[in-house]
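Reading through the structure tokens given below for one structure.
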Amino acid sequence: MNSSTSAASFTRRASMVLRSRPFLTFATVLLVWAVASVMRPGFGAFGHLRYLVELASVIGLVAAGQTFVVIAGGIDLSIAAIVTVSAVSLPLLSIDADPTGLTAILATLVMTTFIGLGNGLGVAYLRVHPMIMTLAMATFLQGLLIIIAGGSAISSQNPLVAWLGNARPAGIPAGVFVWLGVSALVLLIMHATPLGTRIYAIGANPLASRLSGVPLQATTTVVYAISGFTAGLAGVLLLGMNGQGYVGIGDPYLLASIAAVVLGGTSILGGLGTYAGTMPGALLLVTITALITVVNASAGWRSILFGSLVLILLLLSGREKVRR
Amino acid sequence: MATDAPYLAARGVSKSFFGNPVLRDVSIELYPGRIHALLGENGAGKSTLINLLSGAMPADRGTIEIDGNPVPRMSPAAAQAAGIAVVQQELSVTGSLSIAENIGLGSYPRRFGIIDYTELSARAGAAASLVGLHEPLSMPVGNLPLGRRQMVEIAKALYRKPRVLILDEPTSSLSASEARILTELLQKLKGEGVAILFISHRLPEVMALCQHVTILKDGVRTADRSIAGIDADGLVRLMVGRDPGDLFPHWTTARSRAKAIVIKGFSSGLIREADLEIKTGEVLGIGGLAGQGQEDLLLGLYGATPAETSAAEVNGNAGLPRSVSQANAMGIAYVPADRKREGLHISHPIITNLLLPGFARAAALRLRNRIKEGEIAKGLAAHFAIKGDLDRPAQALSGGNQQKVALAKWMPHQPQVLLLNDPTRGVDVETKREIYIMLRQFASDGKAVVLLSSDTPELVHLCDRVVVIREGRIVSELQRADLSEQAIVAAAVGAEPTVTAA
Amino acid sequence: MSGATTPAEQAAPPLYWQVQRRRNGDLFGLFAVVVVFLAAYGFLFPGFFTLPGFAKFTQSWFPLALVAMAQAILMLTGGISLAIGAMVSLGAVIAATTMAGPLGVGGGTAVVALAGLGIGAATGLIVVKLRLPAIVVTLAGSFIVGGAALLILPRPGGAVPMWLSDMLAGNTPVAFLILVVIVVLWKIYLATPLGLAIYAAGENPVGAYRSGIRVDRVLVSAYAISGLLSACAGLFVAAQTGSGDPVIGTAFTLNSIAAAVLGGIGFLGGQGSMRGALAGSLLLSLMISVMFFLGFTPVAQYVAQGLIIIGAVAIPQFRRKR
Amino acid sequence: ASDASAAAKCIKGDRKAPFTIGWANIYSVPTWMKQTQGTIEAEVEELKKQGLVDKLVVTDAQGDANVQIQQIQSMIDSDVDAIILIAGSSTAPARVVADACAKGIAIINFDSLVDSEDVTAKVNTDSNQWGDQAAKFLINAIGGKGKILVLNGPAGISVSDDRRKGANAALAANPDVKILAETNTAYNVAPAQEAVTSLLFANPEIDGILSLGGALSAGAILALDKQGRPMVPITGENARQFLELWKEKGLTSWATMQPNWLGAFSTYIAVQALQGKDIPAFVKVPLPIIDNSNIDQYLAKAGDFPADGYIYSPYDHALFDKMLAEQ
């Protein structure tokens, strides 16, 4: 009604957004893109940026679950193994009767969700430290992989998986649509449902949450199950993008997911943060990786450059935190 | 004593946080052999002033002087070197270290660069016995109840043999007997020429102990005078800026015959075989020395710690709640004593704190309605007089307002039984008065209120009935007519009612 | 060596030992599991009780014990390091490129130690002064340090003098004795104001600061010591193998975290003790040998390993609950 | 079964058939390793039937060279007769291997070799030759001049370094072949595809890709295909996915292999050595070559191999004996 106050509140909100960690991280990504495009013309080509976003969508999916877990005060070290299990076992779960391939995808996602659920039960009910529980789960899954890996003598050509990994409806990779869809859902759960609030609450102060009636164990369990689900989805996408799953396909995603979460401003101690920061965090990571790839230097120097860039960009996007 | 310069002084200091002024042009002077009171409402800036005096934070403007000489860059280490010791309001003890290691922290005796445990044992032991801390010195502080940790904190200050001793609400978590030990100790130190600055919300204590008073209101010094010739009402007037009413409300009992909770043979934690009936419309007090199992009784009733009972009924349902969610569903709410650790999510906005019990029981994936949430929260804030922007983190609230949030958050759920664990700990008089009125209001609305309190006058003036717990057992039940501080203390220490001096 | 222990003993009388005894209390469950595994190992492989058998086993455990300590120190301060593995690699390649050259073993050891201390302290300064999250700083650090290792030695190679290998990784338990010395040194460090303050600074930094502790200094020292221990683990690995490998340390990062957490070191700082971390690393190491002698297939090894790790944490929990 | 009185190196003491064989694997989860283990197990079954072997003890170091040392030590402690080894590092197990040799245990080291002379035999293809032949094929395929990418395996690993060094001579001899960029990644599809995609955008003109092993070539083809770039000559290894893509996209390619049956061969050699046969210190296995002339033979058998696995050439004892005789 009152235009001057609404304008004032708009500027206040706008300045809040502009100084927020997610925005700063996003701005950093754009800055790096701009600088890199000037220095290496091919880098800024639409096709390349599109590919970077497509790659980021895999990290983004894995990091979605990781963001939930970290906000809830835990950490999931089984993510890499879950991604691999998903990509490797999907062909084994295919049913010939279903030509679309949807059932195989659903079966895989149900399986990885149950793996996550197992993590959650261990953390919530056995009270095993999340690091230990998820590390042990990763070890179990390695055992499982020995059994199932290489068992697929017949490569199953799942049309839906192939479509997810390769199609570009409206010029945009299908994986990016999956990521956007999941992101919308994640942001909705995180910020617009009681479940999201409970997750923040148990991460910030589990004891106070329990005394406020928050179902601590149930919420913890759900969080790890979500992480299993998103890691499974990332595995499906990776399978599609590479045409073939293999053991070790998920390995790069453990540290990447943690890095994306923390680069995006979520506190590793839990209770604070948002997936809105993790998204540009994931973009930042793939961008740095691509940048390092096109630099002509020895492996040692490239590694040093990568580490230094992460550190410098952390300083840029993390400046807000320093000021406090 | 005859030095003209104060041992420690602040001259015209100001401090603001994120642009909010918390102290404006405040001066204070601490002289040897004098106990100086610093009073003010929650959030008046007392702790902040102390932080400036002890070098924990730099002042924006103004100077800190030691023995009349301005100190350009005050730091905790510099303060220590000058013989200034602080008992912080926020405990600075480390749970995993032993009592002795905590007491000596920051100034260990050394030999060849290594902590001299023999010497430490002797000196920390001496400091500990000064405050009546008789637990083994090797015990980790994490194993001690809150009140005892506070004593460690005080011993830590004494260990440094300070010239200036600053105590920020040292008594708020102490039992009566511990508080008495402290009072005697401070008198003795005063006699030895130590300059003492004492903060408390318990005015009788202040009146009995202090000679001089500085009063802050909204970060501005409103009084700096001798305490002689002023009474408690006068102090309150200076603190709140208007005439105080009675601290305790007048009330008539609203107790009905209906039973809210009945337990028989109840055991939980330290509590053994307790039988108890709680009626609707009553305020039931729970008294006793600190750490006798009072808290376990509340937590057991609340389903937060495992409890066993031979028979139980809660609001008409048979059996005790087995989890917190069940207790909430049965209409029980609990407000913990330790606000920061158990009561609130201090890094989260006030509004989510207020609404958390609602989120805890709502369907997990139903969409939130921010507008409705805002209305509920605003209503609660108005009813409980919680001021300011509700989107700030709860951290930004003063202790008393935090306590109000911890209480208010249960109100939308109309609990029939309120379990309150020391709800006025560290709360200023005005807020106390508000809380007292609310408690009686709850009772007259037909709720059952269980009030665990370390502040005996509260039990005397607010309760329909008080049970006293000693060594995990209910040893005495006092009706309103029989209530007096002596009676409660006598029951608490196990003396015969006639032998009131314990 | 007795010269090194004297000061700790002087600090000893009753209070010191009482404090130590109480710190053992919490770890009873884990210690029991470790003892069971030690007994099982001794039963399955009687050669364990001979000097060479004992020497060989402790040599396998030694580097993991060091990195577990390195990680535990940081976790006690409320930090963490993902660069431990890279530091081990760096220590190994420095040792393998310097010791056979003009610097000799003494000079090489000094370079390794300086690199460990220096990089550790630099990491600490970045974390503390710039207030950046330790987990990402050390993740970035792992790439930088790992890259440096590759620059120094692009492929496995280099050499460590034979006599050093024979001494550290021969048939005598020198590695075990060194571990004992390191533990004693750690106890002495913990008996200094700077060392003990790790607990205070980790659990309650604000309180520690207000108690007059220079928290920044405590943290940076902890990072430096952690770097030193990891680099020394690398030196040992190089000696054990006779040469250097620029990626030899990779697996130590996660293993060090697992050992520390298994040993009861908390994530939030100030919780746990070094003996726990050592017991955790010992369990991880024992597990490998015991499963071998039980004849487990790889699949069974993976499953059993997961179960043992969970069990060692969960079972003591349940015991406490009773 | 004869007394093993030291025809071959290391073997000492009273070692009589049936033998206990230890298989010190570095990591049993990857498909190449699993296939290799399959050939070892099949070989052991056969040797069991002949009464030569009674037990196969398998360890898995989970990729950690330090754990592998501990496991080899345990094998020494339990006195196995022979140890078959893929080393987790070319240097790390050197000492423990020497210890095993001193204890009279036969050590047969294949695939990833350890820098130590104290082994009974090393069995491997020649990594230098691999790089050399790959480079020569590619240079030839692009007509002696053009711009190429070089895809290496992980940095800091001897095998990837040896293959790369092997390519040097041929590249130096053809100065018109310009290396645009090099990468180091794990021998896997996904990281190769990511790296090549970025390099494609940074380098508009590419004439060939020198890929030195694993599934890197498959990743490169996927990158070219997905970005709509024309196919260029690519070298590679016998990964099934690569061979299938090669055929599907109609490439001119060349592949060699690290045959999985090196495992079976090593087992066979171990038993031969234990039986007192003389074994050369280095058993050089010739590199089988796959090119457009014989790729169909390999693809015909594709169904027998895992989809993410390697299609290896056929083998039998006759081949083993022949290779041993040729040394």
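General remarks:
Each chain gets a letter, A, B, C and D, in the order it is written, and its residues are counted from 1.
Following the convention adopted for this analysis, a contact is a pair of C-beta atoms (placed from the backbone, for glycine too) under 8 Å apart; a residue touches a chain by one contact, two chains touch by 3 or more.
What you see is a predicted model; the values in this text were computed from it and never measured.
Subunit A and subunit B have Cα centroids lying 43 Å from one another.
Subunit A and subunit D have centres, each the mean of its CA atoms, that are 34 Å apart. If each chain is reduced to the centroid of its CA atoms, subunit A and subunit C end up 31 Å from each other. Multi-chain contact residues of subunit D (touching two or more other chains): 28, 62, 155-156. Each of residues 142, 146, 299-300, 302-303 in subunit A touches at least two other chains.
For subunit C, residues that reach two or more other chains under the stated contact definition are 149-150, 154, 298, 301-302. Taken together, the touching pairs give a contact graph of some other shape, not a line, ring, star or complete one. Applying the touch definition to every pair of chains gives A-B, A-C, A-D, B-C, C-D. Residues of subunit D that touch subunit C in their complex: 25, 28, 57-60, 62-67, 69-71, 73-75, 77-78, 89-95, 115, 154-158, 161. Subunit B makes touch with subunit C in their complex at residues 54, 56, 76-77, 79-80, 86, 88, 90-98, 100-101, 105-108, 110-118, 120-121, 136-140, 156.
Here subunit C touches subunit B in the complex through residues 7-8, 10-16, 18-19, 21-23, 188, 191-193, 196-197, 199-200, 203-204, 206-214, 270-272, going by the rule given at the top.
If you check the complex, the residues on subunit C that touch subunit A are 82, 126, 130-133, 135-137, 139-151, 154, 254, 257-258, 261-262, 267-268, 298-303, 305-307, 309-310, 313-314, 317. Interface of subunit A with subunit B (complex): residues 188-189, 192-195, 197-198, 200-201, 204-205, 207-215, 222, 271-272.
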